[in-house]
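Chain lettering (A, B, C and D) follows the sequence in which the chains are written, and residue indices restart at 1 in each chain.
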């Protein structure tokens, strides 16, 4: 399989603190990759460099051979990278379907159209995307009234609007009930399985990670400390020490997984 | 100690809670469980006086407190730890604690900075640091410590395990156990059944703004369809 | 009581959507005059003015009015905004049936209303605005001006300033059209009389926002022999105070425009400078019969001495009454014909004429020095300067006006 | 050398005065997030009260300083009353709405002061014991200036100690970050707000009282200081007291030296400095990111097209307006033209503020540029009416292109203040450049063409342009362009993440709003026949802001209702004595009855009539 994404020697420091150091990995076509690690390990920083919100101090990122570094987020989006946010970012003063329509309007380059009625554009496509994430029943609701889990699903629909090659999901299931978490990630896995899109996600819920990720990368203090499948990571002593812990809470949780 | 009956809450025109009732007894840890958006945080905020449009009754320590301002409720001995931490980023840790400081109460344990720094040693090391310089886990500790500075009898803990690493979750469980040992009552909102089971005495389950279950964890285990329906673990 | 009722009823009747229909419902035995001024923006200057015209109207009406008709003034606040002034002028003419418009204080409002008068073909007597442009560069057929203009007053001062030994002059003037005109006119007139003078420094503080300390020091740094001041109101008080603290006025002559007017001089109290050459209005000292009668009546009615605005308001009505009598009609054309060369035979400040060539009245001003009399600031050694003597010849003035 | 040192001291003395008032403003904004227009009024009232007290105690050193402090305390109490009776009730209103209330307070204070102290300027005594000058390096320096130079830093130190060494100060600083959380920790934030408001008012009163020995107390004091005070606060960074000090020193000292070289600069200098600072430091010298935002608020409801009934009501209203010249007098048509112009202006501002989330304190700039563009096209280029009416908005678009490019790089109050700086700089140029713009004598003779000169004919021209403009802006609000603009307001992150060039888009939104403001200016110019620098002035910008906020910023109908109400009420009340007091009171009543603006109030009323839950 070919590599969709190649990350080489990515480094970033903030005022002397090395947030990300020499991170190096590949993502294969159709792969579902998890990036885990303690808070402050550099996961979000990594993400922000992949999609252009931050400029790395060193290193390169290429998507299907095109260099991503140096482009603003909107360009990277047009190159085929979609994303969802750790803290949901949606247009709260619009309805659910309007949110998806905005992404479609942008994708079809009609943002400077001053005369059409925005709400009448791409309705069918938007509804199809909502159906994909089972949100079609809520299409007409104000986004500000949605439950958090629904917002996350909406974000996924928005992120898929321009048929991205790569989807970046930053803590996609944070704030969702366990059942919803698994459902959302199962849905994502399904989308990945259909082909055409590869996913990198960060996550704290190990159930979700171990249940769906094809491969797991572990970051600690900005460095990649482990890489492998679920069982490899689970038994890695270094990972246990810095991240998973050995206490009762986790055991209870993982026993259920 | 806390008795909530028929609580309703609205944001704008949208009704979020509908007839929610719950109670917390003396030195009891009670879990309020449910999915995200089920109404856990809104229940807590409503109890604390942070939601403007509510109805029903909220009795706390023999007082009707619905309609009271948050500060008045706090002064009756209720502490609130928000899910999004809301520490004061431009204040030092010591100053953050100072904001929470209130007079000692005869009926509740008294917390001092010194005592809290023993409970949260990481904070002690960084007492002169600004709140925004802390990591997520440290911020979570600080927000609890800050609330304890008010010497509460009852603490509302909104999703303490959310968004933090498993190692910190373990530490959190120990802190809650310590609070119970000190004689506090705790209402904790939680999505994680295992965490809730470890730290609390009994549970409520809320869904779409309505209470669906109340009872012990044994009851819950005896009715798997409930947890399957509303928590579906 | 009656006044309150009238104000309230008038206001209600004037509510924009109730007065929908055209039609002038006023009785035929009154002549309505429309009046606009900046009553809320500049009350210190416009309140005495209002009292002045109220007194004149009362006296004329008590004496039987004009041809048996009573004068009625409908007075409105322009809020200091030219656009509002124009809207009010329109309403005064088209709804209230005003036969002419008079008033305004700020030059830009005067200009706006004068342009409106030209467009709508109605007579406008600009009572107070000083801008030269109103009668000269932007003059028009429908606009006349009463008060002696910036140019005239500057020329009066220049005449006195020329008698001084001072050669190096510095100027300080508020940074807007009035200040700029006043400095330009003074320079031109003084240089005409004394080709040897030079102007070594100019300060242009923003109006009502003078940074007096810095301005004083900048003037001081130029070491002038004399200073020409155009600031007024609060700026003047600050300037005087900071200047005297820093010895700016020691051994220096000062010529100061309008500073002798009670509106500007009285507030300075014990700190008023002495020996400054000023134009103004020594309202309690003028001993002519006409003025005494005016001042006494004013004092009796309002319990205070008249100010410059009072005399301007009073003379405005005298001029309008004279025009109405001469025209024998309230028709605009007749009024315009009457205004050309109109002579007001008798006024508290003496007779004056509206020049046909440039529509400027020859009403003068008083030139003298500031001094302290009984602990109160006042004008001393003053003399009346007839406006006619400080105006260009009628031919020259006519050449300054746009061709119509 | 001595000369320059003395000039520096003069600048520093001014800086102290400016700092006192600015620090109060900054504290009030920091804690309560209120943009307090009434701050200048507090300053003025402080001066008047001090004048009265000092006059009672004439000559005594003790009496003077006690009077100054007493005056400041009285102003603090006045601040408390205003906070308790008005502001406390509207903290939950949409962002900046409290500004409308403080505007009402300004109007009330203007007339109250006039009624109490009279119209004439009042010159108080000099400070006893400090009433002469000392020589420093040979230059005379007033002793009172030296006292002021000392007072500034002393007050700064006192505030710093108060904020860092007392519990109250810690609470205040916490409240500036998250006032709700402070409340949940048992602090009565209502009193914290009151206390901050009292402290801010006290400082304003102190600033005013300390001016007694320097200047005559006058009715212009309020508006002459407020602009500069805001500039100082913004240069320093909103909420930063030490920033305000540095900014006050910067402005005053630069002014003291600049007028030696270029005396005319004073008019615009503070605004030029502010523009430069904001371009390089988008949060002022010491401001923090986030310091520009108002209180958090509930998100807007999604836009909905009008239902059939409302559309019919609207069409009927338009029809009545269209045929109104047939049965009304000329002056009413003139008034209606004013209403339409104000409405288009308010709608264009609302497009920027409400739809685009970019608050402007200087929208009149584009109105004025449109008006001047048309006037100059008539005067210098010999254009006819219609070509000039097209030329004007083009000029406004060009001006908006230029200034908007800088403005959209900022957000919140900083953006608003940069628009103000742009407007003031344009105003200064227009005001100063007499040969070209006629200075404040303006441009006359901009009347409609002969065929359109009748009031009723011109009404229809105005009708076509204004109603057409409003329709176009409304259409734009519902277009993809407008929706995306609202999206950027909701979440810049999300907009960027769906491929939007957010800055460019906001820039274009700015330009569109500016262009339509220019169109309003053009219609205005021809209806008045003349243009003056007032058309670019702060007063008009503020009027526009009040119309939008009073009407209700969350509704597209808001600016239309707001502008109509504003113009008609003003036209009516100015016929009365003490109309500013009445107008101010009306504004306060509306504000208290409808904290969501007139549009929100009407909606609630209609819902109430239908028996729905409010």
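Methods note: a contact is a pair of C-beta atoms (placed from the backbone, for glycine too) under 8 Å apart; a residue touches a chain by one contact, two chains touch by 3 or more.
Computed from a prediction, not measured in an experiment: that's the story for all the values here.
Asks: When you average C-alpha coordinates per chain, which one falls nearest the overall C-alpha average? Tell me, please.
Replies: Going by the distance between chain centres and the overall C-alpha centre, it is D.
Asks: What pair of chains has the most C-beta pairs in contact?
Replies: After tallying contacts for each pair, the winner is C-D.
Asks: Could you grab the centroid distance between chain A and chain D? Build each centroid from C-alpha atoms only and quote it in angstrom.
Replies: 43
Asks: What is the distance, in whole Å, between the centres of chain A and chain C, each centre taken as the mean of its C-alpha atoms?
Replies: So the centre of chain A lies 74 Å away from the centre of chain C.
Asks: For chain B versus chain C, what separation do you get between their C-alpha means, in angstrom?
Replies: From the centre of chain B to the centre of chain C is 73 Å.
Asks: Can you give the whole-Å distance between the Cα centres of chain C and chain D?
Replies: 32
Asks: List, in ascending order, every residue of chain B touching at least 2 other chains.
Replies: Each of 11 in chain B touches at least two other chains.
Asks: Multi-chain contacts only, two chains or more: what residues does chain D have there?
Replies: Answer for chain D, listing residues that touch two or more other chains: 298.
Asks: Give the residues of chain C that touch two or more other chains, as numbers and ranges in rising order.
Replies: Within chain C, no residue touches at least two other chains.
Asks: Okay, what are all the chain pairs that touch?
Replies: Inter-chain contacts occur between A-B, A-D, B-D, C-D.
Asks: Which residues of chain A touch chain D once you look at their complex with the stated criterion?
Replies: Checking each residue of chain A against chain D gives 51, 72-74, 77-78, 82-83, 85, 89-95, 98, 101-103, 105-107, 110-119, 121, 142-144, 158-159, 161-162.
Asks: Using the touch definition from the top, list the residues of chain B that touch chain D in their complex.
Replies: So the residues of chain B in touch with chain D come to 11-13, 48, 50, 52, 69-72, 74-75, 80, 82, 86, 88-91, 95-96, 98-102, 146-147, 150.
Asks: Could you list, by residue number, the parts of chain D that touch chain C in their complex?
Replies: Those in contact with chain C are residues 3, 6-7, 10-11, 13-14, 110-111, 114, 119-123, 126, 132-133, 140, 142, 145, 214-216, 218-221, 224, 228, 252, 255-256, 259-260, 263-264, 266-267, 327-332, 334-335, 338, 431-432, 434, 439-442, 444-445, 447, 453, 455, 524, 528-530, 532, 534-535, 539, 568, 570-577, 579-580.
Asks: Under the stated contact criterion, what part of chain D meets chain B in this complex?
Replies: Where chain D meets chain B, its residues are 92, 167, 170-171, 173-174, 177-178, 180-190, 288, 298, 613.
Asks: Given the complex with chain A, which residues does chain D contribute to the contact?
Replies: Touching chain A from chain D are residues 298-303, 305, 475-476, 478-484, 486-487, 489-491, 493-502, 505, 508.
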